[in-house]
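Next come two complexes, and both contain chain A; in the first it sits with chain B, in the second with chain C.
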Partner chain A sequence: MAIYEVFLKKDGRDEFRHAGALDAANDELAFVMARESYARRAEGDRLWLVERSNVLVADAEFVAPNADKPHRHHDGAAVAARRKSIREQADIADDSESQ
Partner chain B sequence: MNPIEEFIFSFADDEHLIGQQHTEWIGVAPFLEEDLAFSSIGQDELGHAVLLYEVVLGLRETEATDEAIDALAYDRGASEYRSSHLVELATTDWAQALLRHWLYDTVEQFRWELVVGSSNTALAEIAIRVEREERFHRRHADALLDSLLASPVARPVLLAAFDSLTPFIANLLAPVAGETEAIAQGVVSASITTIAPLLEQRVADRFEQTLSITADISNSPGRDVRSDHFQTLMDRMREVIDYDPQAVW
Partner chain C sequence: MPSVMSRTWESLEEFEAFLDDGGIVEVDDAMPDEYRQAVFAFIEMHANSELMGGLTERDWIPKTPGLRHKMSVLAKTQDEIGHGHLLYMVAADMGVKTRTEMLEDLFAGRSRFHNVFHYQAKTWGDQVAIAFLVDAAALASQQAVFKNCSYGPYRRILKRIISEEGFHMRLGEDRMMRIAQGTEKQRALFQDSLDRWFWPALQLFGPDSKPNDVLLKWHIKSERNEVLRSRWVQKFVPMLHSYGFTIPAPDLRYDEEAKQWDVGPIDWEPLKATLAQGGPDSARRIGEALDNWQRTAWVRSALESAPESGPEKTGNPSPVPA
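Presenting the complex of A and B:
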């Protein structure tokens, strides 16, 4: 028996998404069982199966340091604050000119 | 009984009872995924039974309400059912259930092919519609059998289970009451007995066994006689209804 990871996608919509996993004796049985276990209510119309042993899993220690770098999160707040500040300064300059 | 109705009942009742039998494996099949797959296949067969009961209601020019379909499925007298003894058989043996699934669905494929050009247009449309599901049913049975027959442990168990079912094949393929009229009216293209050589070939390919069905068919009891298993199955199916037959659902 092998563990298979199941991915589903709705045609024309979204990307493949992980749906779950199952045990199966071979690829063909994995297809048959995945269809009924994960797609019987039409949750997707495309199906990928990946044997878990073929998934390359990175070490958590290797990935973790990137969680602590807020400067790489481009949520736009810093840029927006800067634009606002420049806009306000320009308004002040306009006001003093018109006086 | 109207002969065309009787012919349709022979198919509808088979679909109904095999569907019931398969769905009863929910929770007790050998593994979780098979629980889902097998009972889901059973639901498909129940759906096909509904479509076929609707054909009967169409012949009667009666509206196919849920109540009318339920009445055909659950309320007829035992002597009015035209199911084969194979689908009435009670089993708690998974190997037997799996082999029955393969055997029934192999025959079912050929039965739909006999009505795909039916003069009854509703029936012809159903034959095309169900094939998408039936293709999967056969793939499911074949995937399990391909895997298990290769195992020296499972192979003898499966072959014994198959042997236990071969006595039911003649009854399954014996001429169905009403089929002479059904053939004359173009409802079905040929007798169900014509499936025998096709099944023999499938059995030879799958189990490397020689099966001779044709000789047994003429000696088989027909579908107008219920097997001993029928009433227990029907009582179980009607259990909730029988608590209070007047209840409104």
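Presenting the complex of A and C:
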């Protein structure tokens, strides 16, 4: 027996997604099991199986350094503040015109 | 159990009906060769442009003023080179050219990349203009592809690229705002850059789409070039005016009836020159990219002789979290 990870993709725009896992005696039976367990109601029409022993898992500590890189983001706050102030000034101008 | 799934179509007409119906093509489908070639050429040019853009960005890492800006240039360089990697993978998977063939064609001047990377970025003002005007134009084009792209692998990769290009555009406007709020000298620096970059950025969208453009017919592009270009003009002309800069277009006027800005006639000769590798900075850019490729040959040869992972590495004992 081997454990397989199951990936399904709906036709169209979606990517393959991890659906779950199963255990089976061989590849052929694993496909049948996957179809009957995970795709009984057309949850996808493309199916990948990967034996769990072939999945490489990164340590959380290895991934962690990318969690703290604020310079890779930009919230645009300064620009948003400028736009807001322009809008407010325009509103004040509108009000004084209508009076 | 077949390891490769493949859909086939009887004729080009049947394939086009599938696309018109919103069908999404996957890499292992038996797509018509015309479609494969056209989509491949489009992705290859996008990949080349990301790489050439990333190399320009890299040139500015040491010259960028201030630590904050320098860190953002580092992040942006990594993003652009990363986009190149993702796109070369998608393109190579189509089986037309290998990644190495694409790179060799690029460095020999045999394939195309975006017009804007055929000009020299001389000042920090140029970098600001590129991040603000050019990245916005590139992002608008990419969004129009993402919206309705019939080639699944490209569309999924664009999702990630677009989110990172959004970061570049916000960065661009932030830099522009800071320079606009600076001294007269800083404002003059940016005005000079705007004078040189406005037209190349606008030309990035290309001339009006031809009626028989297969990229439109096959749902790769979802908008005509002139529509995207006009939308960019409507956004950037008033924005640049609001920051107190002038647009280098002598015939610029506001059409009261159509309620939109018109930049006047567009000279397409500079765009044609860049497509034939005859832009002002084409030769130097391609030469430097080739030089870079040759100087890094030792890295590729070292990777080729790296030992393969042994069974103790690949047989991962840890369970996959559910």
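Assume the second predicted complex is superposed on the first by the 73 of 99 C-alpha atoms of A that agree within 3 Å, B and C clash if a C-alpha of one lies under 4 Å from a C-alpha of the other, contacts with A are read in each partner's own complex, and residues count from 1 in each chain.
We adopt the following convention: contacts are C-beta pairs under 8 Å (C-beta built on N, C-alpha and C of every residue); 3 or more make two chains touch, one makes a residue touch a chain.
Note that the coordinates shown come from a computational prediction; the quantities given were computed from them, not determined experimentally.
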Touching partner for A:17 - first (chain B), second (chain C), both, neither: neither
Partner chain in contact with A:52 - chain B first, chain C second, else both or neither: second
Which of chain B and chain C A:28 touches, first, second, both or neither: both
Partner chain(s) touched by A:73 [first = chain B, second = chain C, both, neither]: second
First (chain B), second (chain C), both or neither touched by A:84: neither
Greater chain A contact set [chain C / chain B]: C
Which superposed partner A:5 touches (first chain B, second chain C, both, neither): second
Intersection of chain A interface sets (partners chain B, chain C): 28, 31
Footprint of chain A on chain B - complex, ascending: 31-34, 36-37, 40-41, 136, 139-140, 143-144, 146-147
Chain A residues touching chain B - in the complex, by the definition given at the top: 22-26, 28-29, 31-33, 35-37, 40
Of chain C, residues touching chain A in the complex: 1, 5, 22-24, 26, 68, 71-72, 74-75, 79, 152, 155-156, 167, 170-171, 173-174, 177-178, 242, 314-316, 318-320, 322
Contact set on chain A toward chain C in their complex: 5, 11-13, 15, 20-21, 27-28, 31, 46, 52-57, 69, 71-76, 78-79, 82, 86
